[in-house]
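Okay, so chain A shows up in both of these, paired with chain B first and chain C after.
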Partner chain A sequence: MSLLEVRNLRTHLLTQDGVARAVDGVDLDIPEGEAVGVVGESGSGKSLLALSLLGLLPKRNCEVLEGSSVRFRGAELVGAGEKNLRRIRGREVAMVFQEPMTSLNPVYSLGNQIREALTLHRDMGRKDSAGEAVRLLEEVGIPDAAARAKAFPHQLSGGMRQRAMIAMALAGDPSLLVADEPTTALDVTVQVQILALLRRLQEERGMALLLISHDLRVVAQVCRTVFVMYGGRMVEQGPTSEVFPRPKHPYTRGLLGSRLSVRDRRSRLRPIPGEVPEATAWPKGCRFHPRCAEVVQICRREEPPMVSLSLEARGGGLALPGGGSERAARCWFPGPEEKEGQ
Partner chain B sequence: MVRWAALLLPGSAHLLERRWLGGGTALALWVGLLGLVVFRFRRVVDAVASGTDGRIGLAVLLLVLLTVWIWSLKSGPRRSEKGASAGDGDWARLWGSFRENRLAVVGLWVVFGFYLATFLTPFLTPYDPIFQPAFQTPEMGLLSAPPSAAHLLGTDGLSRDLFTRLLYGARISLSIGFLAVGISVTIGTLLGAVAGYLGGWFDFVVMRLVDLFMAFPRLVLLIAIVALFDSSIFLIIVALALTQWPFMARVVRGEILALKEREFAEAARALGFSRTRIIFKHLLPNALGPLIVAATLGIGNTIILEAGLSFLGLGVQGPMPSWGRMVFDGRSYLLDAWWITTFPGLAIVLVVLAFNLVGDGLRDALDPRQVSEVRR
Partner chain C sequence: MMGKGEALLEIRDLRNEFPQGTRGRRGRKLQALRGVSLAVMEGESFGIVGESGSGKTTLARTILRLLRPTRGTVKYRGMDVHTLAAKDLLAFRKKVQIVFQDPFGSLNPRIRAGRMLDEVLQVHRPDLSRAARGERVEELLSLVGLRPEAALRYPHEFSGGQRQRLGIARALSVEPELLILDEPVSALDLSVQAQILNLLVELKASLGLTYILITHDLSVLRQVTDRVGVFYLGEVVEIGPTDALFDDPAHPYTKGLLAAAEPLKESEGEVGQWAVLPGEPPSAIHPPTGCAFHPRCPHPSKGPGCADEAPSLQPANKPRKVACFKAREHLTGP
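Let's turn to the complex of A and B:
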């Protein structure tokens, strides 16, 4: 059994243009102690997916639909009630957000913010929590942690703040860390450091990690398994080592193609044409078909199921019952139409 | 030598080290209060003997002296070993950035001075605030006498000493201002913060209630409340608080509405903090700045409103003095005896100004971003 099992998660948003099916039938598995990545363009529903997991959606315009299921260690979280969810948040599943500039409370010092989580989740006293806060700051690689614990958020750089956020998230000793675009707002050099930190923490603590990003490289550096999200659904999944060299879904290929390569200056940048359609009106058939170069008749008519591509899987080539992290793609004609790279 | 000076004359050691503000204040307090006891010894003894008023005054006086003495010893000549950034606690840091603002410190001392004076009143003046000597023994009392050595601020139209009445009036005006605002801030903060965070029907009900209160002119509402019941100081305080909390609630609600959308509020939820904790520990401290400004402005406003009520005969009932009442009592003498209205008016202006300065200083000091900028 996986640590976190998401089945048919559907989160709809009420907007002025109607109901946006932002997350629309997501299956996702996070095994204990593993790093899993979710990749997709903005508008694909990644962030909403992350918020849905812990019931953090604003109630006034978001709704997780009937039939959705999020199980943590077998316990259902959808509709579990605020009280039960609070027991999971921070202690079992912690989150790191995109914007380190505003994710820390400006009126408390770093130490005090971390200590609050410590006293709440680990019943620590004043003395213990002070020491543990400094230790956590050290663990996330903040130099001179004892002095920095007294610093206020505005006195720190973005990278330092993100490290402090991570330290705060670790305070409850969670078994799953959800990081929603943790490096997007940072300098490239700092990005690499934060990613290395996340990977180190994940390995050292044996903690599961759900890394959400629009950047394939970010996910490739940290995660063993990757899910590619488009139009509110997963369109491709599998081990990172297989998905990136041999993408099966045209969208994944498109993502890989719209990357700049440092080594090969002459390689053409091939952006995916068009934009992510509005979540209020997904196209009929395959949701990617209006932007797909390889579109044929059936793509416009019918939506393909998630098809297993794993050679070992007994039902290879058949529709996946949902979940798992084996190699699969949601395409009528999965496979490399053109060789990637060479 | 320096140690002995510090022991006998608190603040003197600070002055030798060129710490003018702290040393000067301590020395002035020490000399002033001791001098009061020595030179007005009989009056102090009489006051203490005659009632609780004097005993409380003596207790406060001794407490202040003791505080000054201990402070001077603790922060005295050994200053160097502690360093400039003394203290790591939240309060030490708050004070550290508060005193960067000189005007705010002055305001704080003015407020402190007024409150101290309300306690020491029986030692400061030999007169009675209510007794009208001119109508008992005509040769003793002077009607509308200008300021002189015997009557520092002159006497009013009924021959009562104005300085004395000003001191007794401070008791009433200051407690009304402070208590009414204290109550209204408490109610307004609670309702405003919870309404802003929860939204929904609770927010709707609270805000319509606020609208209801704000739809009436405040003075009319006050008159209605006071006219319904027997006027007493307690009732006036409650009435003032009741008509003021909607303003506080609106300020707090607005702040909370903006703050709850900030990412740190979401981060706090993701950490599993409860709603109460998020509202009162994470959001409210961020809203303190505007709240404190509103509250200090409110104190001034309240003192003025109380004056207005007294003018209409609905506020503090004579012969007990409140500053507002004194101003309006003196209105008919305005052309002949300017001091009767001027000094209570000045007192109101001074206190309101001081409270506003303190409020400004507090707001800046409470914002941690301000600290590093000022301190470099």
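Let's turn to the complex of A and C:
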């Protein structure tokens, strides 16, 4: 059993233009202690997926549809009620967001914000929590942690703020850390530091990590398993070491093809034509077909299922839902083994 | 693709400081540009790379005369941009245009795309009749890969990539010579980034433009520039032809930037091998003494040197220059 099992998760939201099927049938498994990445462009549904896991969606215009299932250690979280969710949030599953400045409280010192979490999640008293807050700041690589615990968010640089956010997330000693674009707002040299930190924490603490990013590099460097999201669904999944060098879905191939490199100059880039469609009107058939270079008749008519490629080698077949490290793609003609250099 | 060998833009010892705090606490200054000198040749594509606070956007604004420099000069075809008389200024504005990072923030939400372009033409091309302007608008839209119907749409009806195309169309509407592109693809998705970069390369070739491309993304620079200047805390720390500089970086900061942007490894779990540059860019209010990079430098020289004295860009007469006492030898050596 995986730590987190997501089955047929559908989160729809009401917009001016109608119902947006933003997350529309996601299967995802996160095994205990594993680093799993979700890659997708804006509009793919990846951030809404993260919020759906812990019931953090605004009720006003969002709805997790019937039939959706999110199981944490076997316990169903969809419709579990606020009281039960609160026992999971922070303590079992913690989150780190993109922009630390908007997630930190500007009028409390870092130490106080971390201590609040410690009191709440680990029933610590005043004295213990003060020491533990400093220790957590040390663990995330903040120099002179005792002094920094007294600092306020605006006194820190972007990288230090993100470290403090991570320290706060660790306060509840979670078994799963969900990080949504944790490095996107940071400078390149600082991004690398934060990724190295996440990877170290995941390994040292034996903590599972769900890393959500638009950046293939970020996921490739930190995660063992990757899911590629498009049109509210996963379109490809498998071990990072296989998906990136040998992408099977044309979308994954397109993403890798439009990636630039610092190593060489390409005479012309090969972008994916068009843009991500609106979630209020996903294309019929395969959701990628209007942008796909290899489209044929069936792609326009019927949506392909997620096909296991490990089974395919033995005669084909449908993928069992989930199955984290299983290699699978949602394509009628999972691609040729085009070698991606580098 | 290389320049025609004539300096279109010449920047000399450009400094820009912004006083901080209220009147009672004068003296604190944010030093956004701390003595930048460089030249951009006609027809070339010059890249500026730097992290936040390196002064790249201040430089763009000072070139455009949207900001006045504290010291130093910006010369466009030999004329000092900041002392231009009103009538020359209008001509200058036609020759130098900018494309911003966030096209949505720089487009009027209440004006249709066609009218927006038409207004620019009314000001800068009074010789055109209404009908001729209409034709020109259609021509501009097709130039950036938009359909003629786009003229009737409002900015919010465009996707991010289309909006950026519109921003480019607006910049091109006055037939500029020099286009300053300030993070033109940073707000866009990967698949759309490549589309816009291809468009920029095509436009430069077909219209004979000169580009100054400002970005934090090294891979974008490698793709579309001929020469690159690396900025750190308001100074150029390394400058040279793009390919040479990327293949064999001299300054430790350039090396760190490139290491952080290395392409995907085939196998996962390579974080440990990354050359992680310690620390973060320092404050521009209290820049470090000597070489601004020395507190983060993996190999600062011991004893006096890096912490006391700021290295100048050397060698002065070569296309590749570096502001580092140690790396100098790397470039001057055999």
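Here is the rule we use: the second predicted complex is superposed on the first by the 321 of 342 C-alpha atoms of A that agree within 3 Å, B and C clash if a C-alpha of one lies under 4 Å from a C-alpha of the other, contacts with A are read in each partner's own complex, and residues count from 1 in each chain.
Please note the rule applied: a residue touches a chain if its C-beta (ideal position, glycine included) is under 8 Å from a C-beta of that chain, and two chains touch if they have at least 3 such contacts.
None of these values were measured; they are calculated from a predicted model.
In this overlay on chain A, chain B fits alongside chain C without clashing.
In the overlay built on the shared chain, the residue A:255 is in contact with chain C alone; chain B does not reach it. Of the two partner chains, chain C is the only one that A:42 touches; chain B does not reach it.
Angle at chain A (Cα centre) between the Cα centres of chain B and chain C in the superposed arrangement: 80°, in steps of 10. Legend: residue contacts after superposition of the two complexes on their common chain; A:271 is shown touching chain C, with no touch to chain B.
Of the two partner chains placed around the shared chain by superposition, chain B is the only one that A:90 touches, whereas chain C remains out of contact. Among chain B and chain C, the chain that touches a larger number of residues in chain A is C. When the two complexes are overlaid on their common chain A, residue A:333 makes contact with neither chain B nor chain C. Taking every C-alpha of chain B against every C-alpha of chain C after the fit on chain A, the minimum distance is 7 Å. On the side of chain A, the complex with chain C involves touching residues 41-42, 157-160, 187-193, 195-196, 199-200, 214, 216-217, 220-224, 239-241, 244-245, 254-255, 258-266, 268-273, 275-276, 342.
Of all the residues in chain C, the ones that touch chain A in their complex are 51-52, 159-162, 189-195, 197-198, 201, 216-220, 222-223, 242-243, 246, 256-272, 274, 276-278, 280-281.
Looking at the complex, you find that chain B touches chain A at residues 88, 199, 262-264, 266-274, 281-282, 285-286, 366-369, 371-372. Interface residues of chain A facing chain B in the complex, by the touch rule stated above, are 54, 56, 60, 85-91, 94-95, 97, 99, 102-108, 116-117, 120-121, 150, 152, 154-155, 165, 168-169, 171-172.
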